[in-house]
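First chain written, first letter: the chains are A, B, C and D, and each begins at residue 1.
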Amino acid sequence: MSTFGKNIKVSVFGESHGEAIGAVIDGVPAGFEIDMDKVLVQMARRAPGKDKTATPRLEKDFPRVMSGILNGVTTGAPIACVIENTNTKSADYSNLLENPRPGHSDYTAFVKYGGNNDIRGGGHFSGRLTAPIVFAGAVLRQILEKKGIKIAAHISSIGNVYDSRFDGAEISDELIDTLNNSAFSLVDGSVEEKMRETVESARKDGDSVGGTIECAVVGMPIGVGGPLFSGIEGEISKAVFGIPSVKGIEFGAGFDSAHRRGSENNDAFEYKEGKVVTKTNNCGGILGGISNGMPIIFRAAIKPTPSISKQQETVNLKTKENTTLSVKGRHDPCIVPRAVPVIEAAAAIAIFDMLG
Amino acid sequence: MSTFGKNIKVSVFGESHGEAIGAVIDGVPAGFEIDMDKVLVQMARRAPGKDKTATPRLEKDFPRVMSGILNGVTTGAPIACVIENTNTKSADYSNLLENPRPGHSDYTAFVKYGGNNDIRGGGHFSGRLTAPIVFAGAVLRQILEKKGIKIAAHISSIGNVYDSRFDGAEISDELIDTLNNSAFSLVDGSVEEKMRETVESARKDGDSVGGTIECAVVGMPIGVGGPLFSGIEGEISKAVFGIPSVKGIEFGAGFDSAHRRGSENNDAFEYKEGKVVTKTNNCGGILGGISNGMPIIFRAAIKPTPSISKQQETVNLKTKENTTLSVKGRHDPCIVPRAVPVIEAAAAIAIFDMLG
Amino acid sequence: MSTFGKNIKVSVFGESHGEAIGAVIDGVPAGFEIDMDKVLVQMARRAPGKDKTATPRLEKDFPRVMSGILNGVTTGAPIACVIENTNTKSADYSNLLENPRPGHSDYTAFVKYGGNNDIRGGGHFSGRLTAPIVFAGAVLRQILEKKGIKIAAHISSIGNVYDSRFDGAEISDELIDTLNNSAFSLVDGSVEEKMRETVESARKDGDSVGGTIECAVVGMPIGVGGPLFSGIEGEISKAVFGIPSVKGIEFGAGFDSAHRRGSENNDAFEYKEGKVVTKTNNCGGILGGISNGMPIIFRAAIKPTPSISKQQETVNLKTKENTTLSVKGRHDPCIVPRAVPVIEAAAAIAIFDMLG
Amino acid sequence: MSTFGKNIKVSVFGESHGEAIGAVIDGVPAGFEIDMDKVLVQMARRAPGKDKTATPRLEKDFPRVMSGILNGVTTGAPIACVIENTNTKSADYSNLLENPRPGHSDYTAFVKYGGNNDIRGGGHFSGRLTAPIVFAGAVLRQILEKKGIKIAAHISSIGNVYDSRFDGAEISDELIDTLNNSAFSLVDGSVEEKMRETVESARKDGDSVGGTIECAVVGMPIGVGGPLFSGIEGEISKAVFGIPSVKGIEFGAGFDSAHRRGSENNDAFEYKEGKVVTKTNNCGGILGGISNGMPIIFRAAIKPTPSISKQQETVNLKTKENTTLSVKGRHDPCIVPRAVPVIEAAAAIAIFDMLG
């Protein structure tokens, strides 16, 4: 299903080339001011058409709020937003029901929905559905900020070009602010050019490229989460894997910790300015599934965009023969930059839900 | 919370040195034969004390079934099992409330539970709580097998020693069977000695070491899972992160796909013996969150056991001063071998829940 | 929250005088034809302004389907509908934040939402929010009908005027069809005049009147539901109490059975045309929480509309003094006739969810 | 399923004549003292064998706490209790798989579970399963009491003998205390004899008799619950219909309000000792699904015990012929007195879950 949460319910609807997409956020408490301009900034970070890393498809993506916010303040009723689909070119997708695109949901959706799903533009599986997720996250993170919790992510790698990682023990408000307002979020801005070259090179080859995104949640109260199936890692994963193209997630040292000894990986405790902190943050701010007050750090692996114009092998489901295919239409050679605010939104949704 | 699932509810209870641990599995359909000997094999794979990689603590870990199975057949009522705690040495843990062990839940649990949690042996956070998870998985996978679904995992790495990965496109029944009955599950048995040396070397240093586990779910029907928040990746992650010490998960090519181009990462479709298959399995059997009929493949990162006898820095929560600590007691220098059946169990629980 | 269900999620949003109201129905399988004319019939049955029992407020209440239905067939994606609020007269409600109306949610909502809720027209608590519920029910019942399950309700009483009850053992398709297409659904049409007189008499007095609605679900497969907290009674109740003004529910003989002996109340089994049936249906088609194949029968108590023009005692929350109030504006003196399709919709939603 | 709750999970397991019954209560916060003697009092109120209204079957029903309580204080881990089944006489039930008892779950369970369910003593459908529900309620209500919330119920009717109803506006601590410690809870003790005669008369006739139970939750904070599907009525109903034999529930004036006019049914607000109260409590303490600070009042209808020794008509599922049956064994002619603490427990579970 396309609904997330226990204490809140975020219900995402819509198909890429249908009437509209949107989301309902049920369970948001009343009395919080929501700055709609800040919401639009987040949606703009995700919006396509800003530069060569993104699809040239232009959308307005203006979220019309149907309920739940009155005079800029949450009313306690579900917050519903609708984003009309205005710029749709459906002719491109006509033969996809027959020839599933490798790396896409075409084949699995065809089997699951018996051919009744809306294939145009990927339908409900389209990356476009991340727009309402960003909307939901942009609303919820404003409330989290009033509780002292900030969320920031950056492109940690594209192809083999790496940004610096967060210093897990110390992430400044300035850095968070810069990342939150950037369309190409980086800790070390100097790698941007190389990353763009990597994307451009793939684009010229009719190909695409993947990457990773690192995200930090700063200001978490100690004691959120719980043992076994209520751990923070599981909750965030459930939300983050809800984003198309995510194929891996790791917390703190993550897969690196698998190569380490305990003496290297354990984070020493110390008192600092009267507070218990850890000297390092290999645990990503989570011990026993519960927040320890340090930044929560995770990285998500984003696979290369499956839509490529290079010729690929596929099958014809009608003739039951092998065939080839080249994906036409407007596609991002690399979705990682635009996925940064989506990852932040998923984190915001998960954290909000956990805080109850 | 310690309860998992939507269509089934697996509720795990108990504290390491309390009266008993156990699980209730609610929602299992009636009429399935359960071979209790097969359940005991899985529990034995997880049980400690088998060799030098594991703690010498001896336990019987015999699961007493209280309800839900009559004459070896499921009755439709919740299946409850109780495992008595018999061999507990609590004196070892007396000062942990004051001096939290690095890498453990001691500090976060102390804050969350206000010092009321049962600290003895890690209480509800103990690795011992994975015994009822294995029980639940061992019951559910027998039902999955009747539907043609098999699950097998192996130690894919310990420290820097690697086992061969699964061939994602083809995993034989023989291999599955071998892995399912091994206490040190490997695809390529020749690496066992090196792995054991790695563990033994850590043990001698009063240290520990981490690793990774790779798991395959073979025989999945096509069309299970769904878009956005109902994807298979999210469901499996929620269960797998329920296992203490897991800090990362990736599906198919996972983090490797972040370095790739789409043309390398997309899995070509082809007709093979009348069925649509993919030539490679970089997607780990999941496209758009939905199973495509190929084996579901994931890898979990297991951090090194935090309990080490080497001296570590910590704090005294009473005196509010920095101090040091050396963890005494019986601990595994590497929990990866014993975690293999636990990962399989978590996968079984998640898959069973998804099948509805 | 305003979200219902486990296997489906029905998320209702909107405020009476806000931009729009609507619903998202997540989890509806693909491939079912939905006749939108039939949906409109159900919405028309609930719509106000048809006669003197209803408010003269005219609305178009046209549900715009945003996603999930393509060319009249469900696509498997969430079905979202938006109903614009066009005919709103908000001036009437200006002083309600200060003087809560007896019998309304004004006071409890004021406390819960700290005065931030949208009070206009009752906001999210308005009976208008039952329109999207009817939409959801009208879609889902078409799918249920394809599985042989029909749902029909009637006004079983208004004030002290009673309709005949369903014959629990035998409900004809003709009766179901008649009830499903009536704006004043009765088993025995001859009581309509007396019922209308009762309503009209209350209206003339500036007062209102309550009633009961009886609902039948015919064609249920045997074996749906389950023991303890998964019983059909609980599931239907959860949905039916979701409708404003419902204050009681009973299944089969319900409260009457409390006066009976077991020998009167037990339903004798017999073989009839090769099928096991019961001679009577005091259990309302439910034994041990599970359907027995007989019609599921329940009755809901609807309290009199709290909005009355008669003077009532209330408090002024600002001055903290007692005061009086007369509710102005357009209100139904009896909502029971319009509530009939809403009860049917709630039953459809609950049954659909239970069928998984 | 046999699991209840969102913020807590109460998972009830066991079969009447199996190894044991019990419950796991997941999600209880740490640090609350639990007086086990008070728990035993509640279990004793439910226990059979006290007098002629109850079955002579003697049970110890001693709940062994496996986890979650250490030195009388909740630890934050799931609270698990196991009650061994010691006094089981299974021979009585041998032919029930063939001849389903009218009014019982025998037939529906047979169809649902394909004959694999444990039929002995009713298996998982047995009234005995209410013992762990009472255990769970008895634990949770002690925590509720620390928050100022008290719960009390009484037999409001047996057959046609009625106790006085609660004065919904004012329920004294003394009355609550008396009811909570009685095995035959009545507001007006003088009706006990007539009620016992009604039961005894049914017993002598080889028959049984039903009744109603009225329950009050006093001290509810204002603002608990919510609109539509999160109303208090729905939450309590879901828990109360989880109790076998409940066939109806009403809140406040309930079905009576269906006969009334709004001017009679609306509860006037007034300031009393600086607090907003209502003069009457026809709404049962709930407006718009939300608590208004007055006692929450509901009544549940309990059907007559279906097990009667009188001859009844049934079918033989093997021969497919009509036949007759007389239920032998030990059965309560009226379960209403013993159901009082069960209703209180269900209310406690529902309220606790709602408070989050």
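Here is the rule we use: contacts are C-beta pairs under 8 Å (C-beta built on N, C-alpha and C of every residue); 3 or more make two chains touch, one makes a residue touch a chain.
Bear in mind that the values here come from a model prediction, so they are computed numbers and not experimental data.
Q: For chain A and chain C, what is the smallest step count along a path of chains that touch one another?
A: Shortest path length, in steps: 1.
Q: Determine which of the two chain pairs, C-D or A-D, is joined by the larger number of C-beta pairs in contact.
A: So, comparing the two chain pairs, more contacts are at C-D.
Q: Would you identify the chain whose Cα-based centre sits farthest away from the centre of chain B?
A: C
Q: State, to the nearest whole Å, the distance from the C-alpha centre of chain A to the C-alpha centre of chain D.
A: Chain centres of chain A and chain D, defined by C-alpha means, are spaced 46 Å apart.
Q: Give, as an integer number of Å, the spacing between the C-alpha centres of chain D and chain B.
A: Comparing mean C-alpha positions, chain D is 39 Å from chain B.
Q: How many angstrom lie between the CA centroids of chain C and chain D, rounded to a whole number?
A: 27
Q: Chain B: which residues touch two or more other chains?
A: 1-3, 12, 77, 109, 112, 124, 227
Q: Would you pull the chain D residues touching chain A in the complex into a rising list?
A: On the chain D side, the touching residues are 6-7, 77, 227, 356.
Q: Where on chain C does chain A make contact in their complex?
A: Per the stated touch rule, the residues are 1-3, 8-9, 11-15, 18-22, 24, 26-27, 30-31, 64-68, 70, 73-80, 82, 109, 112-114, 116-118, 123-124.
Q: Can you list the residues on chain D that touch chain C in the complex?
A: Residue list for chain D touching chain C: 1-4, 12, 100, 102-105, 107-109, 111-112, 124-125, 129, 157, 159-160, 202, 205, 207-212, 222-223, 225-231, 233-235, 237-242, 244, 246-255, 257-271, 274, 276, 278-279, 282-284, 287-292, 301-308, 310, 312-315, 317, 320-322.
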